Amino acid sequence: MNRTTVVGVIGAGRIGRVHGNNLLRMPSVRLKAVTDPYVDFASWPPAPVATAKEPETILEDQEIEAVLICSPTPTHADLTERAARAGKHVFCEKPIDLDPERIRRTLAVVADSGVKLQVGFNRRFDPTFARVRRAVTEGEVGEIHLVKITSRDPEAPPVAYVKTSGGIFLDMTIHDFDMVRFLTGSEVEEVYARGAVLIDPAIGEAGDVDTAVTTLKMANGAIAVIENSRQAVYGYDQRVEVFGAAGSAEAANETPNRVTVSTGAGVRSDKPLYFFLERYQASFVAELEAFFASIRDDLQPPVGGADGLMSVLIGLAASRSMAENRPVRVETP
Amino acid sequence: MNRTTVVGVIGAGRIGRVHGNNLLRMPSVRLKAVTDPYVDFASWPPAPVATAKEPETILEDQEIEAVLICSPTPTHADLTERAARAGKHVFCEKPIDLDPERIRRTLAVVADSGVKLQVGFNRRFDPTFARVRRAVTEGEVGEIHLVKITSRDPEAPPVAYVKTSGGIFLDMTIHDFDMVRFLTGSEVEEVYARGAVLIDPAIGEAGDVDTAVTTLKMANGAIAVIENSRQAVYGYDQRVEVFGAAGSAEAANETPNRVTVSTGAGVRSDKPLYFFLERYQASFVAELEAFFASIRDDLQPPVGGADGLMSVLIGLAASRSMAENRPVRVETP
Amino acid sequence: MNRTTVVGVIGAGRIGRVHGNNLLRMPSVRLKAVTDPYVDFASWPPAPVATAKEPETILEDQEIEAVLICSPTPTHADLTERAARAGKHVFCEKPIDLDPERIRRTLAVVADSGVKLQVGFNRRFDPTFARVRRAVTEGEVGEIHLVKITSRDPEAPPVAYVKTSGGIFLDMTIHDFDMVRFLTGSEVEEVYARGAVLIDPAIGEAGDVDTAVTTLKMANGAIAVIENSRQAVYGYDQRVEVFGAAGSAEAANETPNRVTVSTGAGVRSDKPLYFFLERYQASFVAELEAFFASIRDDLQPPVGGADGLMSVLIGLAASRSMAENRPVRVETP
Amino acid sequence: MNRTTVVGVIGAGRIGRVHGNNLLRMPSVRLKAVTDPYVDFASWPPAPVATAKEPETILEDQEIEAVLICSPTPTHADLTERAARAGKHVFCEKPIDLDPERIRRTLAVVADSGVKLQVGFNRRFDPTFARVRRAVTEGEVGEIHLVKITSRDPEAPPVAYVKTSGGIFLDMTIHDFDMVRFLTGSEVEEVYARGAVLIDPAIGEAGDVDTAVTTLKMANGAIAVIENSRQAVYGYDQRVEVFGAAGSAEAANETPNRVTVSTGAGVRSDKPLYFFLERYQASFVAELEAFFASIRDDLQPPVGGADGLMSVLIGLAASRSMAENRPVRVETP
């Protein structure tokens, strides 16, 4: 039997609960405490776990080895530093911060304290995208020429969220930027982004766009293109393709079943899985398993602080590119 | 929080461990004991659960409310009766027995004792097949005319197993017989089965076949056809189609990912999920959840003793049909 | 440039016009005459071609080398014999006759006269089914274990047609019987057929069924199963699968385009091609090209008189099997 | 019967022969003459058609009503003007010229002479892309937000061709620019193109790229993205997607058959149709039928001179964008 890792979760919103529920089903993990200043813990968690408003309950608990930071983005950097200084390994939801300088300071604190830090780019752990990556590493695709990512949400977020999220490139495309880096194993050098407000004028009034196409020049010479929409009425649309000298690997959407219904009106199948909770269910479990494995076996976590910084730098370049309608080079990490 | 149901598992072979692992991850279930006369419990279960050789450890434990019978088939009827007499709800793997008379006696004991009995036809709980059933109940298919089931294992079982299993119709097609009843909501009246030994002569020497096509006349007038093979080199092949006056609902195989790789040699995707443990993972959880829900809410279990008897009667008719090369009527339950 | 073959078409109904239009577009064929006692030739053919009521116009024309017999089934045998005796090569629509003895006499006349005879089993020339056959001959499938054919028409024929057609096994399944022989390269030894009247009671009153499942024991040991319906509301459903020791080759339906439309209601594509004129368009051209090639290069036509006889013998065995509800051996040709 | 249109073809290279063969199979068209200064007409055309070196044979033939211009691009404008002045309707392969000013002069001559002019953007007539367009016009997609085109050739052209073709945007992407206009019914306002030399360094030395991603700002607010490669080892890759407020319509590749082969190595299907001759076979016929219909019924041809000019203007903007690495506005026609 593996030794048990004792864990605390800071932040009990949507993603905090997803992680919390997964932790409760992991044989060699014990979820000891959950904190959130705003949440009423009456209905959750469904097990005997300590709950509190303040993160100190977790940060000061000597038994807790690892912390999951699931609180709002503006608190990520500070909590990561405090947890690291307390000698706890940190799993932090993305982004660490919207300011690269702030991220760099946090990464320095983490490096000094010698704890593990993993950033929550869960999609790398999705079986379908992992299979595409394998097609690349095993040579099925050959030298990479083109990468295409389609990433569309089923519905636009509240405008209040858009106002503080940093905009589409930092709250949504950031996952796709990381995916391009994951699939190619190469860095982004230059970005050209074009956006439009086609779904909700209020998003435009908040200074953001809801539709975007981003072209990325990669260090290995390949060209990547990411296409985003805040609202696909048929559900979460998450596809990728990597095309190269030896062929192409393409990932289609996941669906709730494999049934086709043929009638006088045509041939139908059900819509793709609704949103990230459904689509990336397995990846949320797998990223935590990888995090705990890196703790137990003293390995480098598969998605580190540098990955967290890099995707923010790309997102900032994309924002500037769209604002100035010109290609923009990505800042050196 | 739901009240906790205390459970014991009799039999710790392959399917017993599948159920045991699932029970350990269920929030409102406590797996208290596992028994098996032959198994060394050193490596399993991975949690503090009592283990013993003899089923009495479970049958005589007053705290245990529900028993999962995962032992070899010849013990199913006896253990079901003993558990029922001890006032415990029973989840029994299929078949209850190969002898209909013996099954009828067991069902009488269960009825007398007033406990719940669910039989392990897990495939009814598979999301894809459940979606096909919904296409039927919601009228997408209309009055049913034809049902087609393709059911092929990735590799043939050991000949030793074939000798005691009751033959292909009772150890393999039995699931498909239940699936026909589930999908149509109708009973099987008459069976014509043709078999062949094409994969392994030793299976023929053991008195069984490895390839079979079975035609079923349904009470609602529809015709069903089941086609079986003990060995599909590309993996587990589990497809169904229900065709009717308003259309057709068809279930394709589940695959480990949604990736397509195009190269100079063609367009490829990975093979279907390997075997029942992978393919029906979700259904094994769902059937137990339904079983515990029927206990907690005092409902009829969704797959009862009569379903277990019926599929055996169809299997026996199929065996006789093949032996005598003529259509055979299914015996009245 | 190939030398030109001069051709006549007897019968200008639906299939006669299909062939006639194809002949008009073939560079090395000259359609010289079309005859039909009932058709008004005002609107067809769209080119300067002689037309007449009586077949003698064709049979007595010394310049005409090849005749396509597209008249009603009861005239096929007689016209084939007369054309053969006139020294003309014959392409005859299936079936040659419903009476095997009559077919045998016709084949003897053809043999004596030394002309070519091809029977209109066009589906062998369909690119998709030809690809499945190639998967068999090139060893992708290995030794054949199972063959599955799904063959459903988009709408039931008029009851008047059913009354004279010889029934479903001789007017519809006959194509599938030939397909089984084509795909496997093996003969049918025994047949078990079950039918039902589920679509139109008038078909039942006419002594036929509209839904059928036929199991075939093949000489090579394989089992084949054909499943027919007179009416699939979503259109012509024509699929086959050959499963063997090394794998499976499966043919899906052809569709008018490759477009998928995703909306809030699900993911849709258009229905399969409507009926045989649309679905088998290419095969109608290819079978004629093969016929003319066999004339020009003095080869055996790819589908001969023996194939025409064999499928009728299987159809008769299926009819008897259904009537007597027992497996029936196919008569020796 | 339709009246017959008498036609001449100038240029008997690859595309000239495709059109010539199609003309020979059209019932109401008579191909009277073909001219080409370089071609030896021994093996083609396969029918009694006049042949000559000089176009005057066609341009001065009073009986010829319509001319297909299939000669090299630098001759298109001049021959179009001469044919128009001779009162003949013109079908001209794309592009009319690489110089917009020259195209404008040609269009003025055509307008003065009152003949029909159709430009050879055949892909608009492909059944699959026409179905996507219909999804747009019939409201299945709703207001358009995004258009994606994947367009990859199976092999790179000779470098000699690249040197005179005007580059990838004018010889290859030009079809995709027209497709964007066709699918959206909207004009392109601004272009950003990024290219790379990843397949053949000689293409780079010739001043061109072999891999490109082009982002287009449409007048209706939508964003389109085209992704090109000169070499997809798995064959011709021609896919489009139109995404909008109500859903998405997506066209997959056409394949030579619908067969799937499952073996121990995975699930395979054949590669897409090899190249444009195979893939767009039906569209080459359909565009000519539309051209002749516009002559016979005195209609506007479905793809006119303005369409030919527009796609060149977009291509020139793309070339400049790539050269200067900045977004470039498309010149007013």
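Chains here go by letter, A, B, C and D, matching the order in which they are written, and residues are numbered from 1 within each.
The definition used in the following text is that a contact is a pair of C-beta atoms (placed from the backbone, for glycine too) under 8 Å apart; a residue touches a chain by one contact, two chains touch by 3 or more.
Just so it is clear, the model here is predicted, and its values are computed rather than measured.
**Q** Looking at A-D and B-D, which pair shares more C-beta contacts?
**A** A-D
**Q** Where the centre means the average of the CA atoms, what chain is farthest from chain D?
**A** The chain lying farthest from chain D is B.
**Q** Once you find the CA centre of chain A and the CA centre of chain D, what distance in Å lies between them?
**A** Each chain's C-alpha centroid was found; their separation is 42 Å.
**Q** Please tell me the distance, in whole Å, between the geometric centres of chain B and chain D computed from their C-alpha atoms.
**A** Distance between chain centres, rounded to whole Å: 57 Å.
**Q** Which residue numbers or ranges of chain B touch two or more of the other chains?
**A** Within chain B, residues 232-234, 237, 246-248, 262-264, 270 contact more than one other chain.
**Q** Spell out the residues on chain B that touch chain D in their complex, using ranges where they run on.
**A** For chain B paired with chain D, touching residues are 232-234, 237, 262-272.
**Q** Could you list, by residue number, the parts of chain B that touch chain C in their complex?
**A** 143, 145-146, 148, 150, 152, 192, 194-196, 198-199, 211-213, 215, 217, 221-223, 225, 227, 229, 231-234, 237, 243, 245-248, 325-327
**Q** Spell out the residues on chain C that touch chain D in their complex, using ranges where they run on.
**A** 1, 24-25, 27, 46-47, 127-128, 130-132, 135, 140-141, 246-254, 256-264, 270
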